[in-house]
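Paired with chain B in one complex and with chain C in the other, chain A is shared by the two complexes that follow.
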Partner chain A sequence: MASSGPVSAPVADLVGAFTPAVFARHINANSTAHAWWLERKRAAYARFESLPMPSRTDEAWRFSTLAGVALGGYAPSPEGAAAATPPALAVESAATLSFVNGRLSGSSPVSADLAKRGVVVSTLSDALARHPGLLREHFMAQPQKLGSAKFAALHEAFIQDGAFIHVPRGVEVDKPIVVVHGASGAGAAVFPHTLVIAEDNSRVTVVDHFVSEGESRQFACGANDLYAGHGARITYAAAQCWSFETLSLQFNSTVVRRDARVQSLNLHLGGRQARHESLSQLQAPGGFSEMLALTIAAGSREYDQRTLQIHQAPNTKSDLLYKNALLDKSRTIFSGLIVVDPDAQKTDAYQSNRNLMLSDDAESNSLPGLEIQANDVRCTHGATSSRIDPEQEFYLKSRGIPPKAADELLIFGFFEEVLSRLESEALHDALRTLIRTRIQS
Partner chain B sequence: MSEITDTLQTSVDNPVSGIDQSNGNFKYDMTYDFDAGTGLNERTVDYISAVKKEAPWIHEFRQKALKTFLAKPLPTHWASKDLETLNFDKIRYYLSQGQKPKRTWDEVPADIKRTFERLGVPEQERKFLAGVEAQFDSEAAYSNIKEAVSKQGVIFMNSTEALREHPEIFRKFFGKVIPTSDNKFSALNSAVFSGGSFIYVPPGVKVSHPLQAYFRINAENFGQFERTLIICDEGSELTYMEGCTAPKFSTATLHSAVVELVALKGAKIQYITVQNWSSNVFNLVTKRGLAHEEAEIKWIDCNIGSRLTMKYPGVVLKGRKARGEVISIALANDGQHQDTGAKMIHAADETTSTVVSKSISVGQGRATYRGVVHIPRHLKGCKNNTECDALLINTNSRTDTYPAITVRGDRHAVQHEASVSKVSAEQIFYMQQRGLTEGQAMSLSVNGFINDLARQFPMEYSVELKRLIDLEMEGSVG
Partner chain C sequence: MSSLEIKNLHVSTGDKEIVKGVTLTINTGEIHAVMGPNGTGKSTMAKAIAGHPDYIITEGDVLIDGKSILEKESDERAREGIFLAFQYPSEIPGVSIANFLRAAIQARMAEGEEIDASAYYKRLYQKMDLLKIDRKFTARAVNEGFSGGEKKRSEILQMAMLEPRFALMDETDSGLDIDALRIVSDGVNSLRGPNLGILLITHYQRLLSYIVPDHVHVMIDGRIVKSGDKSLALELEARGYDWVKHEFANA
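Let's look at the complex of A and B:
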């Protein structure tokens, strides 16, 4: 009956700049890679080609500006791009990896001690040779449930390289491992990837930092997979600082095993249109996923965040807090869903979206959802959209603080609730500084 | 006159709880003088229009709506796939015994009269109503308004009569709050509508007692498509109540109404529904009110029956300081899906809206809240507060919440909260310890959950509601 879908969209609309010829060239350039890797890429490209572009009636894309995700005018990982290593985050790290247009541009290794204990911080291409088993088990292994199966396939088809982090059983890495993903050149399409595998009872902090060189129009189609084995703890922070001309699509998957704990914080500070999908699967009792995000939406930018918390086992916990500060003519979309499977009794799930409206022309859209199929649960969600308390505003004015500075103070006050949830003070300070520089630019 | 056969069934087919969904479960075998046959095409629409001796503009309106209906896909990209089991070709779209409703119960044919007596309608009318309309399948069998009320200038009649007798009042608003193309089912209703209430309350008139409509489906494979339009002129006030029941058939029955409310400046409308369709009814209803300056529209929507209900009463807040409110109570038992909610469209400054939804899922029942709050650009001082609470009785009960909130600008305050809980085992234990059975304790607990909402009903309805939710659920805790 439903015949309104795009029955026969022209091929160009379906693949944009990522034509079969471009893909063939990409495969040729990487022909020495692992056969399994190439096979996956081919299968992914076939999926990408066959899946439709999102349409107006897709619930997963409700409120999104679909025209903004058109795939024309980009070139995947242009050769000969500047190899300038982007500036790293100002935080003392256990190891770093830097990529420009998906190619390794610099790194500092883990300490000899950590290396001896088996901690691996390497490129995916290295891991393909040395840890193929782990890669097969965890690389893009989770379902795409939030609407971007097509773009995730594109990511897999064109991925050049990425970060591979493996922490063996019981090993604790104190300082954060920092991965910088850079994009360089007008029209560059980049496919950043970070895979974190924390084995049972291990502990690790990973920071992804996305930066553009200059203010050119780029396309970032990235993914990160986090796997926390039994009793493991992962702290993950991502600072998205792409250029304000960039289309950014990012897919996160988090798997939480028994008594494991994952805290993730996504900072959205860049991009022209940025969509972030985050899936947390709580697979075994005692698992806890804390999902945090902070967004500064300004100009006429659009930030589109889709989340899914799936409780698949009893006695699991998830806690989501997404805060958006909206200025100018910006738009935000938050669509979150908590799913409690029939057997997941004693689930404790929370989801909250707070929108701070700082402009008369900004627009926030909130779709906080619940799907509950077990009765012994504690599930709540909330969404608010409002301006600043007029008394606070008056107070700031009465102290002679100019409106722009007042906005900045208010944004920091609003964000602090989230930032203060980070255990590491060093990371907290580094991210705070990053936000400040971004606001002031 | 048809032979009267009472095919009353008992409520034993409702094993999990003792919710009384059986009070409407009886039917009389009827022969109908007017029957549009099975299935839907242009001739069906012609037939209905001809039988009603309608003005050409209405006939045209219907034919246009039919085209819209046929062109629109089912909304299954977001709604339940259960909709696909509806076979529009197997439904009978118009059945009636006569065209003109009777003004006294004595004139109503015996079998129809007996039906409504059994449902307690004449008794309620005597006790506390200002007027009653009783619809039996496609047409109103009885329609009466107390003299004192009609003397105030209040018009209360069915849609067929009103479009004929007062086109100058009703045509202006008809299909304006809910356009034909609003959704597939509003288009269907616009093509084949019959029955429903048309009410006009003159400026400043406050109708002291509620007007009531009772909708009864008697025939199998039938579709009821009543159309209600209520206009409250400046500063007037009205409470309208509707109830509905049907016998339980093994085949699907369709109920697809369109209800439009218009509250002009300073008017107040309260619209109360107690929906208790049998569990084979698809209840796909579009309800929306238009509130002008300082007007207030309040929907109290209680859904207990039906197989699948999809209903999201809405208020378009068109005038400054208009107020909208939806109070929704849903109870979903085995085999039922109550997909209910609210829509609040803020289209003027300083408009406020409130949504309170409480749902109870029993056995494998599924209750869904779906809502829209929309505050477009360049307005100021709009407020919305939404609260959704879900209570899950059994381990396999299901509930969902799907709100969509759009806010533009920095001069509004919008808040949404939802929670899911179960009946506390400690509470039940405490009450059992005081000598209540587990079932009584559960019933008390569930009634406590909805008590603050049920209290907003007029007394008589609140009692009725409590009786309907009088659960007996031995062994269903935990």
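Let's look at the complex of A and C:
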């Protein structure tokens, strides 16, 4: 081998633990899968291998701790320990799927009635056999525009399995469908995935719940695709409760068709360093995407949220509200962009990032942005950071409420504006309870 | 019987002394009214006793049953039985009255003990009915968008729920219409008894004809300059504060 030529990064830095040999083993272990699936995986791995790691000069990674996303020391999707049945969310559900390290560990099916009407809640591997067309059309079909093309490729290369939810035209599922993605074992790398396809005029609520078994160091590299057909309505909630040693990278893509409405709420309650990228594409008139997020940042954790609201058609609406509560020495980054295409007149776009600082040592960074090419639009964006009002704190304490409980009440008070947007009271209560357990842990 | 002793209390904020040596003992079962011109330090005294961090006690002591409470944080003082009904209550967006009071009651319970939710609501509704507060208020955020009078009523509701030994009521009558004054006074009178001592800060004799005090004190420029019985309030109403100031200056 010649040692001349341009100096490139050592391969180990580019792929970390996810070497070609490891990938070859992964493919061998899954050799019976659909040829199309394996082909995609190979192409994805090639992309992963060739794309550079994020660098200092990368605008999409501004303020992020790059050392934290190094990929060494993980093992992709080891068989999960049988004992790892994660705790369920306290909400009545229409169906559940539970995965541990990407493998199905339990499920409860939809009712006979919903099944008869064609509602499918299954694994991606089942869907690959039964609904290949739908998978080809919607699985990771949208562009990665927010900086993590490399990690999205890694996700696609190593994905073991995931949730597939298909609601046919006009069918309404009242109760939420709950998907639990568990990670088990020190050093486990998991690639959770949830694909939701809501056909025209259907209605569905899906909850993703991410949990670690124990407090070990793990790597979660997940994605979810939401597709809302004409007049469809999706409510999506994700509760990220990975261990506080976990690196979490999560990519969301939402496609909103004519008169459809998607409401998504991401709760960031876990992880050592967690990055969440969310892309909403408003593709046809009347589409509405409501993007909500709540983060509790404590310790020395970092939460990095990157969003993109793209208005591709006239009369579309997007409304983003991300709220972070920062304690201790935590850091948050919010970078949001609203893009309005030239013919997307009468766009109504809103973007707001609010940070509640409960500590002088915490740091919040906000980078709101607009890129507007139409002239008749209403776009507003803003970011605020505020401290807890000492008079409010004194008021609570003067009632005998200890400082920790007072902070908790004020955090909930701060979050309520977002939580109250959920239509379902049961879901609202279940998520509140979950937040409370995480705060107290 | 319990006692709240305020001994030679001096309170400063920044480097300005506001309360300049107040001595006063309130026993449970008693009501002490404190009257005095604007800006003489009445609220400052009440907030300092409740443990507000902006007010520094530079001299003197505050004791419950002979034990100083000054080393305790405001929340501990509250759990010891001090309650401050604020002149200007804070708004707490997003926190419902029901959840707020629950947290306050929970804080008074032993570790691991849980509130009986149905008993709690029963009691809450009973107190609300007494104070003629619409039950829908439990779901509203604490004081947010409340009218002046509603805020004051909500303070008394909290007092009724938390059952303090010593209540410092700072101008609870201001902002109340005539009917509300009656309702709030009835509410306070119903709480009155051998287990509650009240320090009632007010500008108006009218309140004192509903809630009849055992003692009336006049506070001027950070000091209590005159004390008497309820007739003192009537005299102040008729003659204003100037004569007390003169009397004090000449003493």
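Keep this in mind: the second predicted complex is superposed on the first by the 430 of 441 C-alpha atoms of A that agree within 3 Å, B and C clash if a C-alpha of one lies under 4 Å from a C-alpha of the other, contacts with A are read in each partner's own complex, and residues count from 1 in each chain.
Going forward, contacts are C-beta pairs under 8 Å (C-beta built on N, C-alpha and C of every residue); 3 or more make two chains touch, one makes a residue touch a chain.
Bear in mind that the values here come from a model prediction, so they are computed numbers and not experimental data.
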| item | value |
| --- | --- |
| Joint occupancy of chain A by chain B and chain C, clash or fit | fit |
| Which superposed partner A:T19 touches (first chain B, second chain C, both, neither) | neither |
| Partner chain(s) touched by A:H381 [first = chain B, second = chain C, both, neither] | first |
| Which superposed partner A:E59 touches (first chain B, second chain C, both, neither) | first |
| Partner chain(s) touched by A:A406 [first = chain B, second = chain C, both, neither] | second |
| Angular separation of chain B and chain C about chain A, which is computed from CA centres of the superposed model and rounded to the nearest 10 ° | 80 |
| Touched partner set for A:E371, first chain B, second chain C, both or neither | first |
| A:E417 touches, of chain B and chain C: first, second, both or neither? | second |
| First, second, both or neither for A:T437, with chain B first and chain C second | neither |
| Chain B versus chain C as contact partner of A:L358, first or second or both or neither | first |
| Least C-alpha distance (whole Å) that remains between chain C and chain B when both complexes are overlaid | 15 |
| Chain B and chain C contact sites that coincide on chain A, given as residue numbers | none |
| Residues on chain A engaged by chain B in the complex (per definition of touch) | 1-4, 57-59, 62-63, 326, 342, 345, 355, 357-387 |
| Chain C residues touching chain A - in the complex, by the definition given at the top | 50-54, 73-75, 78-79, 83-84, 86, 89-95, 99-101, 103-104, 106-108, 141, 158, 162 |
| For the chain A and chain C complex, residues of the former touching the latter | 389-392, 394-403, 405-406, 409-410, 412-417 |
| Interfacial residue positions of chain B with respect to chain A in the complex | 73-74, 76-78, 84, 377-378, 390, 392-422, 478 |
